[in-house]
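The data blocks that follow each hold one structure.
Shared between the two complexes below is subunit A, which pairs with subunit B and subunit C, respectively.
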Partner chain A sequence: MLLFPASQFSNLFSALFSHYRRHPLQLLALALMIMLATMLWTGVNHLTTQARASLGQSEQAVAARSQLERVDGQALTVADFVTLRRAGLCVMPWLEVESPGQGGRLVGVDPLAAGCFEQTGLDAVNESLEPSKKPEPAWTPMLNGEPFIDISEAAALAQNVASRNVSLSLLIVPPEPASALPADYRMTGFSLGPDTGELGDSFLLNLDALGFLVLLITALLLRSVYQLGMAQRRDSFALLQRFGVMPSAINRVLLVEILLLALLSVVPGVWLGRLLAGTVSGGFGQALDSLFDTPLYAGQSQSWLTPTATMMAIVLVVCLAQNVRALLLRTVAVWPLASLAKLLTGADAGTEFRQKPWPWLALLLAVAGLAMALLAQSLPLVFFAVALVFAATGIAAPFAIAALSATLARKTREPLARWRHTELGVMARRLALPLVALQFALAMVLAVQALVTVFEATFDEWLGQRLAADYFIEVPAGANADAAAQWLAAQPELAQSGDWHQVASGVAQLPATANDPTTANPKMDRKAQSVDLLAVGPVSPLLTMWSLQAANDQPWQGFAAGEGVMVNEQLARRYPLAVGDTLALTLANTRFELPVLAIYADYGRPAGEVLINLELLPDEFVPAFESFSISPGASDIALISDGLQRLWQVDSVRVRDNKRIRELADAVFDQTFLLTRAMTFVTLVLAAIALLIMGWVFFSIRAWYFRLLQVWGLTKRQVLAQLGQLALTLTLSITLLALPLGVWLTWVLVHRINPLAFGWSLPMAIYPGFWLQLGVVSVLIGLSITLLMRSQLGGSGPKPVSAASLRGDER
Partner chain B sequence: MTEPLLKVRGLGKHFASAGQTVNVLSGLELTLAAGGSLALMGRSGSGKSTLLNILCGLEQPDAGFVSVAGEHLAADSSASGPNQQRWARLRRQRIGVVFQEANLMPALSLLDNVRLRARLAGHSDQHCGDWLKRLGIGELAQRYPDQVSGGQRQRAALAMVFAMRPSLILADEPTGSLDARTALEVADELFYQQAASGCALILATHDSTLAARCGQRLDLAQMGA
Partner chain C sequence: MIKTQNWPTGFLQKAATLVLLSGAALLAGCSQEPDTGGFAGLAQAVDSGQSDSFLQPGPGDRLRFPDDWGPHPQHRIEWWYLTANLQTADGEPVGVQWTQFRQAIESRTAATTPPAAEQWPLQAAWMAHAAVSLEGEHRFAEKFARGDIGQAGAVASPLDVWLDDWRLTQQPDGALRLQVNTPEWGYDLLLRIQGEPVAHGDQGFSAKSASGEGSMYFSLVDIAISGELTRKGETQTVTGRGWFDREWSSQFLKTGQQGWDWFALHLDSGDKVMAFQLRQQDGGFLSGTWIPQSGEPVALPPEALSLTPLGFSGATPNLWRLQIPQYQVDIKLTAPAGSYINNGLFPYWESPVSVSGSHGGEGYMELTGYRGSP
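And now, the complex of A and B:
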């Protein structure tokens, strides 16, 4: 690679590197930027890779498998396993345990027992079989801790872990005939949750997008710091060229320099990123588990090579963009390709910035991005639209500030104000990259904050709806729920001061319909589908407090009288249905046609759901699950549970304390967004520090002109006031420009990305109070720049700068 | 008897360098009448720029005192407060400073630079264009500093100074970065306008021909400063 002797290279390297010996803080800033960018991106990427692999593993491992439960509701033990194996059934224990230290969950399996799960038939034979009769898919677990380990190891680990972090399941190959299953057991599907793939993928997609945004912001900051160094070194490059050093030789030395710097910064960055992921994986895993019923399994890590190579490539491209641009321009020398390449590969914030194509390019990108965000029907396209709009605002923001300042300068008659306005324009152009990075960071923080706050409020309402009762009592298998309802109705204290209702859940079938002119959506075809059925009664205040999105005049009265059903938002959107439509549904071979009385908020539940009065359930309908929601009021829940225990003649009744669950849920939810908030906060701090450094360096370069004002008769305090005004105007301007971008991003997240990813939409809310907080942050950044500059102004008498500094790009 | 415009008595200034104290100025005495001119000579580092900075109140002396148009600056003067505000007003209204280069705000046109200086001095900016014309660069009024030559920039700097109608001009090697012919033209303008406006001039220079055109001469190197 080196076309000149090593000693010459060494001399040249030493000469060029002397810049950083003179400015060690700049070198430190560069290294820190690379390291932090690597850390943030690696951290997020590590977590999402781990989570995505977990989803894949769990789907592959448990696809179409069944598990066993005890009919009496007791927990499974080793004795159950032994009994079932002795009965000749193919069962396998599945022991999940929290991984000590590194976060995530390990799965203990018995490889010998897993043997009977292996595929026995040939694919050709499989194809000819009914789906239900196909043999289980082949599966041989690798016991390498990613996430599978031998069950004996898992059992040993389980002894040192809290029992709530351990769960034992028994997987089974359905026996032929079904009657071979002992009477004490029943078979259920082994699934880690409904539609986890779609939801989990969407969640991870959002995290990926956030990671990408962080990467973009840090790349901008990195470029700005590097560009600053290059600008300061231009005179040195020119001098070396006068001494006969070829520009290509200088470029090679610069390449080696940035390669070394990148390598020295990226490797610890990757290490820190993995450390960060390890630290937050506990909370992240809990969030994944609670939100999507998908545990975060241990060991799904990627190698060091991918993040290292990715970040090295990004650093090289970002820092050597000028060289890449020159190469691209040489390659596509034919117009208009050359012009396009020149436009796309960017230019210095100097004279080229003022060229006319920039505003037009920004406008074009903005229009394309906005239209695409509005019309796109797939997530990747919406994300692409977001990227277009961000690119457009990134180009437009410094230009807008510069144009506004130029207009103000033209309009004002006061020379000092005119100077200030023109100086603001210079700053906007010279600090374009860190400014844009700050704008992006502010917009991202604003959108994430709005989304998280709305999410929290919605989640709170959801908890309020689902956990409205103080207690929840599960009806044991075989117990008579109707008798219990009669007993509860006969309790005078409960009737006077408490509320309760019975719940029976199961499945309802909705038929396909085509072009039904009686519906609110006559042109929509409806597909046949199974939906969750929730039968409730009697109608208590615990139900009437539910939030209804649309309803007829007296929905709950009609519901209590059995005159109709209610559907959740998800079913209303997908089927589709509106209030007043007639819903045909089949419950255990009985067909109903009932009007839709109301649509209730489901707060993100992905499955369709029908709420029906319990009294309408046909006798032959067998509920999958039955329970009572009870707020005992003046009576004692212990007395109620004792009464039900006696009535049902069982050893114990499972009573769930909803208040406690709510506290736990709140805590888990807080952890869910800890990562998001932490990342956005770190990015904002990074952007603020970068602008601070860049602003300080920029003002240092222009300190002479501020001192000139002192020479012309302004006191130091007056000069400082001018400087403060400039810094504050700049930071507040970019904050103001970040607000619409942030609000738009919130809109995209709420109204486009969420419905496309999750199938439901949150209410859109904006928080002007938070805008004020961001305003305060920008004021603090501006004031910090001013305070830093105070020391520059306090130096000795003014000294003229060199003639070389009077270049055109200074204005 | 008329009070001199500038009076310097027992002026001293030292700097600390590499652990040693370097006396740049020591016991300096100087008097300049209104309308007079003085050439400051001396090697690089002899204290010419430091003296000019002290004379316009940008630096504090370590000993002695300076009086300009009745305003006193002594070694024990406060670095801030009313004294500094008085000196800032003097610089704004009565003392014009011209450096070797970089006298103009790069983001403003030549005309706007002159206007800014005139307005800071409390004058109307109506005749600022005339000053540019008088100095031969009227047609460049809307150009920016980076769009004109070094000589034209120095003419604009002179226009700025004269537009503020000063009592005293402190010029720190104003032709030092220009070629011989341009330097001569700029110097001619400086002396012509100084004579026409009746202000005093202190000119720091290495050029003995230029120094010879001043009424007084002070060689800091010979003073042993």
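And now, the complex of A and C:
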């Protein structure tokens, strides 16, 4: 790589590096920035990975599995387990014991029988692996929770508990082929709670998008610090060139210099990032009274190589962008692309920034980006649109501040104010990149906060709708659900203080859709003929609490009277259907034509669904699944389940405690959201530190110039007040400029990216209270810069300067 | 919030201890650290006197048939173990292993009524291993089950040993049928036993150290085998011969012993040999049985034989020299090319061997307690 002798290289290196010997603070600032940027990205990346793993595990914990039931409706026993195992099926016992006096719900499992759950499909892989490299058993996370004990202990506890509080399930890995199942058994779903499905996927996609933004922000921060240093070394370079050193030789030495610096700063940065992520997540873990005693986020161990290599690459590309730009400009001759290349690699703030095309380019990019974000029908285009808008904002924000300050400076007559405005303009230009980075960071934090809050509320409502009743009782195979409904209706205590309704689910046929081709999802099109049917009745408060997106005057009254149906959000969107439209549907060969009374929120469920009054179901309709949702009120669920058990003449009735499921789901999702918030918090803190360092370095460089204010007769206190105003105006302006970008980013994530990725949309909300908090953060940064400047002003007197410097020109 | 017993300190420890004990006790864990506290916990338990309730075999104990085919709940550990040198119709050599282990957690007499299955008792754990070796490939599977619920067990007469759908059952004509199925491969073999069981050591008591600890041990050394092997969706006919071991004890390895090297050989002369050594820092304890084609088996005392590793696959010796001067035996035992690690909870080496030197022949080799895998 080196085309000149080593001694020459060493001399040149010493000469160039002497700049840092004279200005050790600059070297420290650059190293610190690389380290901080690495720490930020590593930390955030670590947290994102953990949030992803956390969500993955929470989904796994509540996701549906398969279980076996006896066809004759009898309760399962250990004999069933043995029969099935000896028939070669992979079955695991799951003994739930509800023992209020001894600590709540316990689940007894047999770890010795769980081996085949992990072996399925992994044998071939395992064969070739060394024991130490074997993957963790897939089942393990499920068993790491506190409620799990050995099944023998659960069975011992079960002896002291009423039989209705003990239930044995047999979980199964579905056999291949399905016909291998003995005739006496059938397979049904086994679930600890509802499957989060696409809601979770969407959340993860958004995490990825935000992770990318963090990378962009770290790149900007680094670029800004490096550029600042380069600007100050321009004189040294010029001197060396006058002595005959080729610019290419200087570039090579700079490459080696930054490589060394990057290596020395990235590795501790990665270490600090991991430490930070560990501390943040560990702190939350301790604060959270988790259901699982193994912290969910602790399961991920990432390699050092990925963050180190990524950050080394980022540092090199960002810091040597000048060279990259030259290369791009050589290869891209066409003007708009060349401009884009200049823009992407960072223009020289000192000169090109003042050239006229920049505001116009920003405007052009903004218009193109906004239009594309609004109209694009594919995810890559929307992401590209986001990039355009960010680029436009990045160019426009410092320019806008500078232009505004120039205008204000022109209009004001008060000399100090005029100085302040002019100085603000200079700073906006010289601190353009860190300011843009802070703007992006603020916008991102704002979007993440809104998004997480929206997701949290949606998860909450979604759980609320599905787990509205306290308990959920399955109707066993062959049992008469209608008789049970009559029995429930005849229970006076339940009628007085409780709520219940019967649910029968199945499939309804709809005529072919007249889809809007622009929004149609071909996958959904194929399913359009057949939709899920949910028949419910009687109408209870458990139903009327559902969130309706659109409805006629008294939807539930009409529904109770059988005057119409309700459809879910997805069906309404896809068909398309509006309130008042007539829906033709066929149930078991009987055709109905009923008006749509309301459209209910369905929180991301992709399947179309029709809600119909149970009384309208034709006799020949065979439900796929029947159940009762019951909130017993003053009544006792144990008495109700005993009554139903007697009525149905079965050994046991499966009662699902929705409250417990809700607690479980809440706990695991809370943890995920806490991690996401931690991620944004870290981003904000480090962007603030970056601005603080940049601001401090920049103010320090101009300290001699600020001291002239004292020469002009201002007291130190007055100078500080001026500097304080300056710093505060700078940071507050950037916060104000971040607000629209943040709101727009939230809108894009919620209304564009999500529907394009998943075909459904979340409600969007803005949180001005949080904007205020961000304002306080920016004020604190401004004040901190002022405080740091206080010591700088106390130094030696003004040094001799050139006439240009005295005019406040940029060097 | 659900508050219950603590999983890791409660159940997991117990389950882990259970499995560790069984696995380590049986195999002295190849990948484990060399024993410092004696035989990976089992010896510790014995040393600290926790095994009072278990019976320990000793000189003078005798075999009792047919009872000894069945389980011995007063002993801590036992196994039923078949190795077979087979070949396909094309003459391709096939090695087959099947072992079922019982590990007691609580001892009880044979007369004691077992706990009710409804209690999902955990007085004993069972583990089964199965392996097939051919064409340089070694396939292994293992299963676990708790005892006393019917999922796994053993009955002496007619002989029936099972864990899930893997089972060894005695047929009405006296032959044994061994069935093993995994998602990828399986075998169904008919075992025709020739000859009487061979009692090792002192009429069945096989010493495992100079100070007298040992196990009860007998073998069926001449078994004609035929059946089917299913692999990669294809079924092949296989025939050959096998070796079946029954062994039980409450302390198998003594503190300080690291693992064993065991060999069961069919010599072309018609004679059979069983030889093993239990390794420890200062050498080891050697023992064996010479089973002539005709005549009574002869126990081989430690000084009557020598075992020398000649070649290694990683840390595991896969080439050995066995010398029994008394019978002019000086043979090399060679494992086929490849790795024959049973990669289960406790990895160990299990491979067919070919015999060369003063005698030709074939057999099986089991090596445990070597650090790392080859």
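Note that the second predicted complex is superposed on the first by the 521 of 811 C-alpha atoms of A that agree within 3 Å, B and C clash if a C-alpha of one lies under 4 Å from a C-alpha of the other, contacts with A are read in each partner's own complex, and residues count from 1 in each chain.
One rule holds for everything that comes next: contacts are C-beta pairs under 8 Å (C-beta built on N, C-alpha and C of every residue); 3 or more make two chains touch, one makes a residue touch a chain.
Computed from a predicted model, the values in this text were never measured in an experiment.
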| item | value |
| --- | --- |
| Partner chain in contact with A:712 - subunit B first, subunit C second, else both or neither | first |
| Touching partner for A:416 - first (subunit B), second (subunit C), both, neither | first |
| Touched partner set for A:8, first subunit B, second subunit C, both or neither | neither |
| First, second, both or neither for A:77, with subunit B first and subunit C second | second |
| Which superposed partner A:426 touches (first subunit B, second subunit C, both, neither) | first |
| Partner chain(s) touched by A:704 [first = subunit B, second = subunit C, both, neither] | first |
| Residues of subunit A defined as touching subunit C within the complex | 77-79, 81-82, 85-88, 93, 95, 103-106, 108, 110-113, 115-116, 119-121, 123-124, 126-127, 129-132, 134, 143-156, 289, 291, 293-294, 660, 663-664, 667 |
| For the subunit A and subunit B complex, residues of the former touching the latter | 414-416, 418-419, 422-423, 425-426, 704-705, 708, 710-716, 718, 796-798, 800-801, 803, 805-808, 810-811 |
| Contacting residues of subunit B [partner subunit A, same complex] | 49-50, 53, 56, 58-59, 80, 84-85, 88-93, 97, 99-103, 105-108, 112, 115-117, 119-121, 125, 144-147, 150, 177 |
| Contacting residues of subunit C [partner subunit A, same complex] | 1-8, 10-12, 14-15, 19, 31, 117-122, 125, 138-146, 149-151, 162, 164-165, 181-184, 343, 347, 373 |
